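Shared between the two complexes below is subunit A, which pairs with subunit B and subunit C, respectively.
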Partner chain A sequence: MFVRKIVRTVLAALLLVAVSLPVLGAELSVDEIMAKLDENMFIEKIQYKATMVTINRGREITKEMTVKAIADTHALVEFTNRRDRGTRYLKIDDELWMRFPDTEEIVKISGHMLRQGMMGSDISYEDALESSKLQENYTAKLLGSETVNGRECYLVELTVKPGKEVAYPTRKMWVDKEHFTVWKEEMYAQSGKLVKESKTLAVTEIDGRVLPTEVVMENKLRRGSQTRMTLYDIELGGDFSQEDFSLRALTRP
Partner chain B sequence: MGNFKYYLTLAARNLWRQRRRTILTFLAVSLGLASFLVADSLMKGLDKQSIDNLITLETGELRLTAPGYIDIKEEDPLKKLLPKDQKLLALLAEDSEIAGLAPRLSFPVRVGNGWDEYPQEAVGIDPVKDTEVFKVKDYLVEGRWPEAGYEVLISRDTAKILELGIGDYLLMTTRTKSGAFQAVDMEIVGIVNTVNPNTNNQVFLPLAAAQEIVGVPDFLSQVDLRLAAGVDAREKAASLKEKIAGAGFQVETQPWQEMAEEFLQISKTKNAFIGIFLMMILLIATVGIVNSILLATIERTREIGVLKAMGMTEGNIVRLFLVEAALIGLLGSGAGLAIALAGEYYMVNVGLDMTEIIGNLDVGYPITGLIKGAWNPGTMVGGFFFCLLVCVLAGILPARYGAKKEPIEALRRV
Partner chain C sequence: MRTLYAKKTLILVALVAVLVFSEVLASAEEVYWQGKLETDFMVGFADVGSETLMNRLSLELVLPWSEDISTKVAGDLQHISSNVDRDGNIGPSYSLTAAELTRMYIRLYRPGYDLTLGLQPLSWGAGMFFNPADPFAGSTDPMTSSLGAAPGYSGVSLNVPLGVLSRFTAFHFVDDGKSGIKYRTNLNGTDLIGAATVRPGGENLQVLLQAQGDLGIGWFAQTAFTDLETSDPGFRWAAGADYSWNGKVIVKGELSNAGPSFSGLALGPGLGTGDEDTVSVGVSLQYIPDEFSSLALTVLVTPEDKNFMLMPVYTTQLTDLMDLRAYGGFGKAGAELNIGLAGAGLSYSF
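Moving on to the complex of A and B:
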């Protein structure tokens, strides 16, 4: 009787374990991972301050800036470091304007400038101001799991969906299994050549999201060139709308 | 006639008698005319050569592009491309007024060695057809022309800046038509050093590779044409556009004059300055001639007195001096023309190597290295008669002044 009770208990326990196993160790599907990643990383409205340090062959250049952006369509960047103080960039969709403080002049910069490094850094305007949902543009494939910075990560490979226009046709991302933030990312050219690699050095929890706040971007096509960007005073949401992103905003004192 | 012979003999004797003065005037006329003609030849040569360089290295004589391409070329050259249609190419190939056609695909790239990178223009070329229109291949200084695959031809300046050579790999980054980042390693197979600074800022690769790199397998930026001798590019641009439209294709045609509008405008302004410079040479030569003849006549006032005392009339004296002036003008101008012919022959066939003087600096002309002259028969004829006229006119006034004097008064002067 006692034995039977034990057997029954063990069996029940085993059954419970068997039933609960897939739940406890549940590996999410790649679509679920991407959905959670987008949920964490896609930001409708954000404003922050940032320090950008570019190191090229041992030469270090530091820039300070304040950024205000709506998704990936509207952005206003103002440089605040002494040398560039007052220089502003306005991005509306694929168009970019720049205002030089000395001449008070507004210059429209051709679209391909969006692809160039921002103020001589390894981070392009596209990289810095991109905030579209990855699932809209890419098909994801789960390659496995790896540990980055002591964090368990999903290794996901993203390939551009046909007909979608993106800067990097292929990307590899190491996504935190718990917080769904990106710890490491590799960006590839159409040819499959590794172009850039970014590593997250620090993250911060803001309004329930865990966002990278210190990122180092390495240009893999230029040896000895990397840019470290540190974000602070981050505010999600904010009291501004698309109307605040106008040419007038560029000249506002 | 006999009278003229008399004046001619007398004039020739006078010139011989005043040998030193004759030589001085002769030198002023001949050297003045020769230097003017050679300078003019050089300027004309420079202009002709820079236009030739522009056409044979950069623009071709006529360019076919997709409608609207010219307006967006600087902004996004891959936005409006021409379909590489065999029917269109065949239509062009059949045209007897077209001597060569070169399909090309151009787009901006950054070329680098892994450390440094520079902006350049990549030009996808048909390795065989391109040489029918352009002469870039003639300026190969090392290696060979790109033929297939990911091979690239760069300029000597680029090779020097990036410290790369034949067999090394050039890292080329650009964006595909859809905006995706593209980075490829291209094997350097050839190095050119053309005389056109704009061409030296281009890298050349096989068309198929270029199309693959930017993701436009069946498209071209342009078809550049070389026209048969004597065909006017402007007229052909209009007629060809109509002909192609008739065959169902929409294209824009641009003669080289339009593509080189900016250059031609600069050239026009430069030519105005050059004109002033040439006029100054001519003016100096004229002053030399006038001065020489004036002095020769004035110094011979005493002689005029003797001639008058011997019974020569005013008219006789003026005529004698005119023949003298014309004779020296004829001799001087003839010699000047001969010197100019020899100088121009050298300039046209051998030329001046400017590399030592200006290096490969962009001096506003798409030209470097050897500068050649151009024949200027019109200026030669004009210059010859101008000098002759100057000599005669310079002789008239003092001769008349001297001839009007009373013999006694004229004789009193030393």
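Moving on to the complex of A and C:
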């Protein structure tokens, strides 16, 4: 009787382990999640067109732009909507230059502008133009799992590593468990105050990656305002190098 | 007479150049044009009863013939109805219509240089309120200078890129015979500009040095030796800084030894053309309540003669193509308040 009980207990334990193995195997460590997130989201070279719609108290302003960027170091933006046509920005590391279409002059813009809204929107230049490896700048902590937009997501909290300079010292990300794209993100200031919240409305698969193509960003410091950015004609890679991000590129037709 | 002749010659050369390149017209890439319609109504307070209505139509046509050749033609048509003369005195009402060609150039892009021929813009320093070292800042008199596009200069300019953030510029303008060179580079995050202009015979020499950088706070400093017809030879300088909090509040400050003289309406480009050794201070506080609007107050002060000017400006973007603005200018030049106006305007881009 005693032996049968032991055997039954052992069998039950083995069965439990056997049932649990596939589930345990699917769960990743936070470092593995971050590595897969960086693998999907970090882009060395990209060019795309975008529509940016800023909405505040019933007023909607639309801007069109073309963007070319290398990782988090180089970006060239040209606004193509009628009102702002010819306005161009060049970003190299933490420096920003602007080309005014009227005077056709290139003026250096103070670095703190990088963290301000691009052309008055809720999306900063850093938000829109940078692609950096999160693991290089942040320490990650897995907070759990949640469902966003019907997708199972890891909820990850990122805290800036000592000595690293980033726009948001703390971030929370809802990372798709299958595609490792971000469906939702909260960005916090040093004080712990929620500064911005972004939600991914649409994704698309490009070259084996699943990337957000429609994102809505809410600036929590501006009540009732949000900016929706839609990317199209996306090309990963491209026949351009860092040398193509120059003062001359700001003036070419 | 000589200037007129030179201008006509240049226009002729530009047209010939267009014809020479007309074969590539068939392969012209994206041709586009755009325009802006602006209307402003201003009333005076210092001289009660003064009214000015300004309407302006700006048009621009860009023809990129190929990847290497581009042409731009732009102009303003302006109509002013007012009862204020150039000295700010109220008189009989009059109307003035003026057309101005502001751009007409052809630009050739080659691997090692850009060459621009025709009526083209050229700006210089980076001053926010005062730009005393800028030989191209234009007139301070809004009745004679265009309030639309930055002024154009007839001539030829050559730009030679010397690396990613460096370039050398040489130019010659036929209007006043002024020639010059400019070198721009970036050293450890600081933009540096050195430039010189001179007229034939070594007259009206201007030498400019400028630095602009960012130490958490944006800053710039410029100094120039100037030998102009309108003043004794000497050094002019300006320095300033700017900072922004959360993108909602932006503060700018600037100090110059050649600020506005307040002898007239000190609005428009080229504010810093006052007498040397008249140290002036400019401070502006800008508040951005939402994505579409901005409220700014600029104060210009010349402590020596206790003159000042306050310029509040409110701008808001109503739609994708329409902007509304309201502004004022209130100041004291001498013993009493003698500069005072308020205005509002609409801009429509098409």
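Note that in this section the second predicted complex is superposed on the first by the 230 of 253 C-alpha atoms of A that agree within 3 Å, B and C clash if a C-alpha of one lies under 4 Å from a C-alpha of the other, contacts with A are read in each partner's own complex, and residues count from 1 in each chain.
The definition used in the following text is that contacts are C-beta pairs under 8 Å (C-beta built on N, C-alpha and C of every residue); 3 or more make two chains touch, one makes a residue touch a chain.
In this text, all values refer to a predicted model and were calculated from it rather than measured experimentally.
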{"item": "Overlay on subunit A: subunit C relative to subunit B, clash or fit", "value": "clash"}
{"item": "First (subunit B), second (subunit C), both or neither touched by A:V210", "value": "neither"}
{"item": "Touched partner set for A:M98, first subunit B, second subunit C, both or neither", "value": "neither"}
{"item": "Subunit B versus subunit C as contact partner of A:L221, first or second or both or neither", "value": "both"}
{"item": "Partner chain in contact with A:Q190 - subunit B first, subunit C second, else both or neither", "value": "first"}
{"item": "Partner chain in contact with A:Y168 - subunit B first, subunit C second, else both or neither", "value": "first"}
{"item": "Of subunit C and subunit B, partner touching more subunit A residues", "value": "C"}
{"item": "Contacts of A:V160 with subunit B and subunit C, given as first, second, both or neither", "value": "first"}
{"item": "Partner chain(s) touched by A:R83 [first = subunit B, second = subunit C, both, neither]", "value": "second"}
{"item": "Offending stretch of subunit B which, after superposing on A, collides with subunit C (from 62-70, 98-106 or 116-124)", "value": "116-124"}
{"item": "Residues of subunit A that lie at the interface with subunit B and also at the interface with subunit C", "value": "57, 110-112, 115, 221-222"}
{"item": "Residues of subunit A that touch subunit C when the two form their complex", "value": "54, 56-57, 59, 61-62, 81-83, 85, 92, 94-95, 102-105, 107-113, 115-117, 120-122, 124, 221-222, 225, 227, 242-243, 245-248, 251-253"}
{"item": "Subunit A contact footprint on subunit C (complex, rising order)", "value": "29, 32, 34, 62, 64, 67, 70, 107, 109, 114, 120-121, 123, 126, 149-150, 159, 161, 163-167, 184, 186, 189, 191, 212-214, 216-218, 242-244, 246-248, 288, 290-292, 317-321, 349-350"}
{"item": "List of subunit B residues in touch with subunit A within their complex", "value": "74-76, 108, 112, 114-117, 171, 173, 175-176, 178-185, 213, 215"}
{"item": "Touching residues on subunit A, where the partner in the complex is subunit B", "value": "57, 110-112, 115, 160, 165-169, 187-191, 193, 195, 221-224"}
